[in-house]
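Next come two complexes built around chain A: one with chain B, the other with chain C.
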Partner chain A sequence: MLRSGLTSRRYTVEDALEAIELYFEKGWTDGLPVVPPTEERIRAMLEAVGLEPDHEITFITNRQTAVTAEKVAINAVMAGCKPESMPVVVAAIEAIGDPRWCYHGPGTSTGGAAVLMIVNGPIAPRLQMNSGDNLFGPGWRANATIGRAERLDMRNVIGTLPGRLDRSTLGHAGKFTYVIAENEGDSPWPPLHVERGFSPEQSAVTVMAAEAPHQFYNQLSNTAEGVLTTLCDDMRISGNARGQSQYVVVLAGEHMRIIAADGWSKADIRKFVFEHTHNSVAHLKRTHRVVGPIKPEDETTVRALVPSPEDILVVAAGGRAGAFSAYIPGWGGKRTSEAVTKLIRA
Partner chain B sequence: MMAKLEVFDPTTDPKEQPITYVARPDSLKGKRIGLVENTKHNSDRLLLKIGKILQDEYGGAEARIWRKHNSSVPAHQEILDELSASCDVMVAGIGD
Partner chain C sequence: MLDGIFFEKRGVPSASIVTDVFEATGRAMAETWGVPRYKFLMMPHPIANLAEAELDQRAREIAPEVVKLLLQGQE
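Let's look at the complex of A and B:
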């Protein structure tokens, strides 16, 4: 039971439909109808995480805004979350408030990043999170509503309104929700959160400022090197002139099995992808990503896509059938915003 | 009569924070100029040009330029310490 009451301003309406219209009129939605946040529903969210309403989950320094449990609970109700998803929402909010994530950059930039969340550990199957077919698509409540709740917090609590503080030139659909789980059941590799310091029994969410997923196709090769060579050729030119801070590589069923059958570890994948995504300075100049005349040495001087192999996060997820996988560019240049992994307390 | 529904405001207002500016000098004559570059392409060229105008047309003393870690973060402490120790006025900005 909560010790203290809710302090947010209350509005009285006739019914749920009037509440939905009120939230549209107030500019409190992402463009879709919301679930009316009643006291009972908000309290259920708070009780699911054992947090008092005034508990500060994070503080966004450049906005001088405290993100409290009460506001996160209200927005989670609005997004359609079940209370058992609330621990994931709280962990994700902690992550975007971490200085390493650098909220001000990806939150406001013309670069149009969304907040990619990768959920690992036992909570993912418990919430029936999708890690398989139609990975980035609609159809799963937890994936759809957890990401939506986080974006509503960015909008309503932190004030990241499109066209005002959020100055994305293009944005992408991941800004509605961008939540996946790793397919730990079928994966031959250690899960992402274990690589990042957690135990397999713990649940964690890795949050990265990210562009949209870019799908690649390879149905011809049955070797790790063949599949990853295609990936690297696509990925190599996807960075901006100064390279990206990080990438996620999502390997779906067929590619996952081909690469694992060759005995490659996630570290082997990272090393290969890092080494095969360099661009020559001459190429960057020819394609007007770097200014200046091409000098002879530019042909052999190379720039890496990311600072190190560890900046390529490898995740096993996606449908069992189909010769497709994906890479996801992070936002910004080297070391501007880093993926952050937080424990999910559930 | 149907029961009415009570719903809650999901927004937060940012804390108000007073910002105090130092008094602006009456003249730039002899003032040491600090320039803070934000790493965006050409921002160094623009700021150096501004520094030169402040020297040539307003009598400013030397202009020195510093570079932030990246455009999304405030200038780091090392820059702030050096600026406050060695400059009288400074110019910074952000844009694409």
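Let's look at the complex of A and C:
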């Protein structure tokens, strides 16, 4: 039982539809209808994580904003979350408040990053999270509502409003919701959270400021090197002027099995992708990504796309059929914002 | 912008400059940090693709405003 009461302002309405319209009028939605956050529903969210309403989940320093459990619970209700998803939402909020994620940059930048969340561990199947077909698409409540809750917090609690403190030039649909789980059941590799210091029995969410997923296609090759060569050719020219801070590479069923059959580990994949996505300075100058006249040595001087192989996060997920996988560029240049993994306490 | 606000909070005169499309964002940041009337300067957007001579011209144009703001202060 919660010891303290809720302090958010209350509104009295005739019915749920009037509440939904009120939220539109107030500018508290992402453009879609919300679930009215009644006290009973808010309390159920808080009970699910055992947090008092005034508990500070994170403090966004650059915005001078405390994000309390009560506000996170309200927005989780609005997003349509079930209470059992609340631990993931709380962990994701902790992650975007981590100084390494650097909220103000990806939250505000014209670059238009969304918050990609990758869920690992036993909570993913328990919440029936999707890690397979239509990976980034609609259809799974936990995936859709967890990401939506986090974005509503950014908007309604942290003030990340388009035209004010969200200056995305284009943005992308992942800013509605951008949540996947890793397909740990079929994956031949250690899951992402284990690579990042957690045990297989723990659940964790990895949060990265991310552009939209870019598919690549290869149904001709039956070798790891062949599939990844196609990936690298696409990825190589996808960076900003000084490269990107990080990438996620999502390997779906067919590609996952081909690469695993060749005995390649995630470390082997990272190393290959890192080494095959360098650009020459001459190329960057020719394509107006770097300023200045081309000097002879620019043809042989190369720049890496990311600071190190470890900045390529490899995830096994996506449908079993289809010769597609994807890469996801992170936001900004080297080390401007980095992926953060937080324990999900459930 | 925020650096300028920090300087002012420590009593060091400063002049923050944004391009005009970021006026609302600059104002929102000032409000966030409790200085809604914080004065800052604006120049036309964009600047990243300007040639060196054009940048020099921009600097010459705004320099008197920078001096004025530094001498005048935020009050």
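In this text, the second predicted complex is superposed on the first by the 346 of 346 C-alpha atoms of A that agree within 3 Å, B and C clash if a C-alpha of one lies under 4 Å from a C-alpha of the other, contacts with A are read in each partner's own complex, and residues count from 1 in each chain.
Note that contacts are C-beta pairs under 8 Å (C-beta built on N, C-alpha and C of every residue); 3 or more make two chains touch, one makes a residue touch a chain.
Remember, predicted model here, so these are calculated numbers, not experimental data.
Undergrad: After superposition on the shared chain, which partner residues are touched by A:S337: those of chain B (first), chain C (second), both, or neither?
TA: Touch status of A:S337: first partner only.
Undergrad: Applying the document's definition of touch, where does A:R63 land relative to chain B and chain C: first, second, both, or neither?
TA: both
Undergrad: Give one of first, second, both or neither to describe whether A:K82 is in contact with chain B, with chain C, with both, or with none.
TA: Neither: A:K82 stays clear of chain B and chain C.
Undergrad: One more residue to check, A:R164. First (chain B), second (chain C), both or neither?
TA: Only chain C; A:R164 stays clear of chain B.
Undergrad: Quick check on the superposed pair: does A:Y11 touch chain B, chain C, both, or neither? Answer first, second, both or neither.
TA: First partner only, chain B.
Undergrad: Tell me which of chain B and chain C touches more residues of chain A.
TA: Of chain B and chain C, B contacts more residues of chain A.
Undergrad: Touching A:H214 in the superposition: chain B (first), chain C (second), both, neither?
TA: neither
Undergrad: A:A19 contacts which: chain B (first), chain C (second), both, neither?
TA: In the superposed model, A:A19 contacts chain B only, not chain C.
Undergrad: Identify the overlap between the chain B-contacting and the chain C-contacting residues of chain A.
TA: Chain A residues touching both partners: 62-65, 108, 159.
Undergrad: Would you mind writing out the residues of chain C in touch with chain A in their complex?
TA: Spelled out, the residues of chain C in touch with chain A are 2, 22, 24-25, 28-29, 32-34.
Undergrad: Any idea which chain A residues touch chain C in the complex?
TA: Touching chain C from chain A are residues 62-65, 108, 159, 163-165, 167.
Undergrad: Could you list, by residue number, the parts of chain A that touch chain B in their complex?
TA: Touch residues, chain A against chain B: 6, 8-16, 18-19, 22-23, 28, 36-39, 42, 62-68, 71, 74-75, 78, 102, 104-106, 108-110, 152, 156-159, 332-333, 335-337.
Undergrad: Which residues of chain B touch chain A in their complex?
TA: Residues of chain B touching chain A: 2, 4-12, 14-17, 39, 69-74, 96.
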